[in-house]
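Both complexes below contain subunit A, partnered by subunit B and then by subunit C.
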Partner chain A sequence: MQLQLDGISKQVGADTHIYPLSLSLVPGKINVLLGQTRAGKTTLMRLMAGLDKPSSGRLLADGVDVTGVSVRKRQLAMVYQQFVNYPSFTVFENIASPLRLAGQLGEAEIRSRVEAVADKLHIAHLLQRLPGELSGGQQQRTAMARALVKQAPLLLLDEPLVNLDYKLREELRAELKELFQHSQTTVVYATTEPQEALLLGGNTIVLDQGRLLQQGPTLEVFHHPASMRVAEVFSDPPMNLFAAQVSGAQRAAELGGDIALPLGPHLQALGSERYTLGVRPSHVRLTPASAHDYRLHCEVELAEISGSDTYLHTRHGEISLVAQLPGVHELAPGSAVALYLNPSEVFAFGADGRLAGSPQRRQAQGSAPWPA
Partner chain B sequence: MKTYNNKAWLLVLPVVLCVAFSAIVPLMTVVNYSVQDILGPDQKVFVGTEWFKLVMRDPELHEALGRQILFSAAVLAIEIPLGILLALALPAQGWRSSLALVLLAMPLLIPQNVVGTIWQIYGRGDIGLAGAALNGLGLDYNYTGDSMDAWLTVLVMDIWHWTPLIALLAFAGLRAIPEAYYQAARIDGASRLAVFRFIQLPKLRGVLLIGLLLRFMDSFMIYTEPFVLTGGGPGNATTFLSQYLTQKAVGQFDLGPAAAFSLIYFLIILLACFVFYSLLQNAGPTEKAEH
Partner chain C sequence: MKKRSFGLILYLIFAILPIYWMVNMSLKTNEEITGALSLWPQHLTFDNFRTILTDPAWYGGYINSLIYVLINTVLSVAVALPAAYAFSRYEFLGDKHLFFWLLTNRMSPPAVFLLPFFQLYSSINLFDTHIAVALAHMLFNVPLAVWILEGFMSGVPREIDETAYIDGYSFPRFFIRIFIPLISAGIGVTAFFCFMFSWVELLLARTLTSVEAKPIVAIMTRTVSAAGMDWGVLAAAGVLTIVPGALVIYFVRNYIAKGFAMGRV
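What follows is the complex of A and B.
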């Protein structure tokens, strides 16, 4: 389905939840709504579904105006953060319920459809159970099966994995990508996690406080964030940002104190003024990656081990720097550490917050575009 | 190495004392009365199960029990659905909701004997608003003379007093259902009735079970309201089990039979609650903790 939002806004009392925005979803693909909590993802999704009416603007489905059309008459399915299933129905009846309510299919057809989708989501052995007897992951699988079984042209998922534990989230996320790739459905997937957007690929729409910041192919948005805010939203842990003065003669950025960071080739065009430079934590390393790397002597404030990564919080004078290091590193607070930045991996943002220069994309073959 | 000592018993002691004095000692006194014929302060005769046999054969008690079961059944059959309907009709939020809740909760704050007095006056044919109005409409309503009228008055009084409890419980249960359930139902195209039948009712199971048990136990022990209204009359029309028990124990001072009957009464309530609870627990899926 080709869904188009034309000047859509949502006003509740004196509060603006969504500022007027226009966008069109890429049909048959995954569209990721990326934004932090309260960015307006759920509100926008409810508007797309027709659960709420927009304060202004039009909603077009395949070119037809569906702005005022009741959600009951629209063809769509939705999955929520909470695991929403009918408590007194078995898994089978839960999955079958949208088909039964539509009342167009025979019993045999319903059975074969339910079994097919249950098989895809690996819950075929649970069909006779009740939702209360399932684990969280299985409950959410059931809710997803309910949404998928309708084969609706539009599928909305509102942070569907947020209530699951880490392991289950990883597992389902990979399965979802597989499921969506082989369907003709236009998928909208809301999430707060940059990793999730990168893994799902497709298109990304970045929202912040009710405003549309940027939209485009996910990798494009990741590598060329239009503004500092997009870079912040699309980076976890948050991008390291430094106020810097670029001086003309040496083509270097003074970060205050004794640091003069040489500018990479992509930043040679910067004027001699103030900028904010950004470095992704994953681009801060313990060993130099190239001969051009800039070395910074820092003091360790905290080494936080998260999964298989270590988040190293350090300080150099006024500047604080976070490094995301693969593997487990035990560094005592207060100890000295040398960190390396590659000047060709530095983002620059102008005084207005807009992107002034971004690193050139390396064409990495077969490897993920983000740190694993 | 482990050291054993018995100090932990000291920690349990306060509870043991409290339960002993509040429950076990009084209960054992009743058990004591129920197996003896007490003729005077120092004249007691052990009679075994004599009083139990006597009480079980008492036709008056059978009638009271029948009346009681009918009354409790009527109370549950009316108050539970009515409470759910009220909860569904209440505004969900805003000042209207607060106002409605306060108004609804008012009867719950009134003590039983005051409720009895209010309705006693309210129902009077000469000066009571309800009684006079009914008589004015040509209905012959008189709770002091007509058994049916008295019985219905007690029932209506109980409904007025306690339906708000069910409504409040159901209201709280309804508010606990995440909005996503209603949205999902709307997207599926489910009707209002289907939403009630398949989402709201199953989600209300837990609170309704509590409401049902509370209302059953309470209505099965009803005493004050019929006592204030007609003292169990006219005739025996509103003599429920506790009225009967009081007449036996305090009125006629038949401590033996009264004690025997108290124990039977206690067992009936215990048994009925157990049956209700197990039936409802097994009747459908149990709602486990959800996010």
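What follows is the complex of A and C.
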């Protein structure tokens, strides 16, 4: 389905939840709504579904104006952050309910469809239970099965994995991508996590405090964030940012103190003014990756182990720098460490926060966009 | 430990003594009741109960009471369900005020409404009918029912409603198939509160009826005859009056506390 938002805004009382925005979803693909909490993801999704009425603007489905059309008459499915099932129905009846209401299918056809989708989501053995007897992950799978079985042209997923524990989340995330890969459904997936956006691929729409910041193919947005805010939202742990003065002659950025970071080839066009430079934590390393790497002597403040990565919080004079290092590193606070960053991987943002230069992507890279 | 159980036993005795005494009286003859003190019936008799269950003037009172209590309970819950849903789910002009002022009906003593009800029902030929008492009691029960049900309904996440609409449920179908089962405990408790109020209310019930719909509580207050007071029969009537309440309370015993907190625990 081609869903189009035309100047949609939402005001509640004196608060603006969504500032007027226009966007069109890429049909048959995953559209990720990326933004931190209170960015307006849920509000926007409810507007897309027709659960709430926009204060202004129009909503077009396949070119037909559906603004204000009751959600019952729209063809869509939705999965909430909370596990929403009908508590008095068995899992089977829960999944079957949209099919029964459509009233076009025979009992045998309903049974086979429910079983097929339950099989895909690994809840086939739970069909006779009540939702209250299931674990959180199984409840959410039931809710997803009910949304999927309908085969609606528009599927809205509002942070469906956020209330699950870490392991389950990883598992379901991978399965979701599989599920959507071959479907014709236009999927909208709201999340706060950049990783999730990268893993699902497709298209990304970055929201912040009710404003649409950027939209485009996920990798495009990731590699060329239009503004500092987008880079912040689309980076976990947050991007390292430094105020810098670019000096003309040496083509270097003075970061304060004794640091003069040489500018990479993509930043040669910068004028001699103040910029904010950004480096992703994953681009800060313990060992040089190339001869051009810039070495920075830092003092360790904290080594935080998260999953299979270590987040190293360090300081050099006034500058604090976070490095995301693969593997487990035990570095005592206060110890000295040499960190390397490549000038060709540095982002530059102008005084207004807009992107002034982003690293060129090496096409040959070919590996996962989120560095290991 | 021993001290505590002693206190509890003492409390239990005090609590149960009036009820025991009534049961005790109902199984005695009038001579024994008015005679010397006896802790249990010396001449056990079921005559008092037999009188009530065979005399239409007596058992008719129970039937009348049950009829208007049931009408009142069903109507109150039926009216309160949609109202409570609206208060719980929608925002409309003055909703908070209206919700609060609903309860003002319960802030005035029922006697205040005696005269208007009596005059109104007389002039529209509703006097001495079951529906008259049921409608009069609804004035007090509907606000309470709305408050209790609203509490239970607000405990059901709104997302369930929305999911049902997205799935394609029509409102009535959603309400009956999905929503009612979710708040069945609340409906039970609400029905209990309506039942109890209507069952024990005396003033309106007595004033708005004369012969056809005379409730048991009214009959019980008129047992003084030329032959004097019929203590035994009166006690037996009292015992039988407790029974329906006890039965109803048994079914909702687990939810009573939540009901008293208007469903907001």
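We adopt the following convention: the second predicted complex is superposed on the first by the 369 of 372 C-alpha atoms of A that agree within 3 Å, B and C clash if a C-alpha of one lies under 4 Å from a C-alpha of the other, contacts with A are read in each partner's own complex, and residues count from 1 in each chain.
Keep this in mind: a residue touches a chain if its C-beta (ideal position, glycine included) is under 8 Å from a C-beta of that chain, and two chains touch if they have at least 3 such contacts.
Values in this document were obtained by computation on a predicted structure and should not be read as measured data.
Student: After the overlay on subunit A, what do you see for subunit B versus subunit C, clash or fit?
Tutor: clash
Student: When the two structures are overlaid on chain A, which partner does A:Y340 contact: first (subunit B), second (subunit C), both, or neither?
Tutor: After superposing on A, A:Y340 lies clear of both subunit B and subunit C.
Student: Of the partners subunit B and subunit C, which touch A:V71 in the superposed model: first, second, both, neither?
Tutor: Once the two structures are laid over each other on A, A:V71 reaches both partners.
Student: Does subunit B (first) or subunit C (second) touch A:E133, or do both, or does neither?
Tutor: So A:E133 only meets subunit B here.
Student: In the overlaid three-chain picture, which partner chain does A:L51 touch, first (subunit B) or second (subunit C), both, or neither?
Tutor: Both partners, subunit B and subunit C.
Student: Applying the document's definition of touching, compare subunit B and subunit C: which contacts more of subunit A?
Tutor: After superposing on chain A, more of subunit A is contacted by B.
Student: If we overlay the two complexes on their shared chain A, which of subunit B and subunit C does A:Y86 touch? Say first, second, both or neither.
Tutor: both
Student: Which of the two partners, first being subunit B and second being subunit C, lies in contact with A:N163: first, second, both, or neither?
Tutor: first
Student: For A:P98, using the defined touch cut-off, is the partner it touches subunit B, subunit C, both, or neither? Pick first, second, both or neither.
Tutor: Touch status of A:P98: both partners.
Student: Of the stretches 19-27, 37-45 or 109-117, which one in subunit B hits subunit C?
Tutor: 19-27
Student: Of all the subunit A residues, which ones make contact with subunit B and with subunit C?
Tutor: 49, 51, 71-72, 76-78, 80, 82, 84, 86-89, 97-98, 101-102, 146
Student: Which positions of subunit B touch subunit A when the two form their complex?
Tutor: 178, 180-181, 183-184, 186-190, 194, 198-199, 201-203, 284-288, 290-291
Student: Okay, in this complex, where on subunit A does subunit B touch?
Tutor: Those in contact with subunit B are residues 46, 49, 51, 71-72, 76-78, 80-84, 86-89, 97-98, 101-102, 130-133, 136, 139, 146, 163.
Student: Given the complex with subunit C, which residues does subunit A contribute to the contact?
Tutor: It comes out as residues 49, 51, 70-72, 76-78, 80, 82, 84, 86-89, 97-98, 101-102, 143, 146, 150.
Student: Report the residues of subunit C in contact with subunit A in the complex, numbered from low to high.
Tutor: Per the touch definition, subunit C meets subunit A at residues 157, 159-160, 162-170, 178, 181-182.
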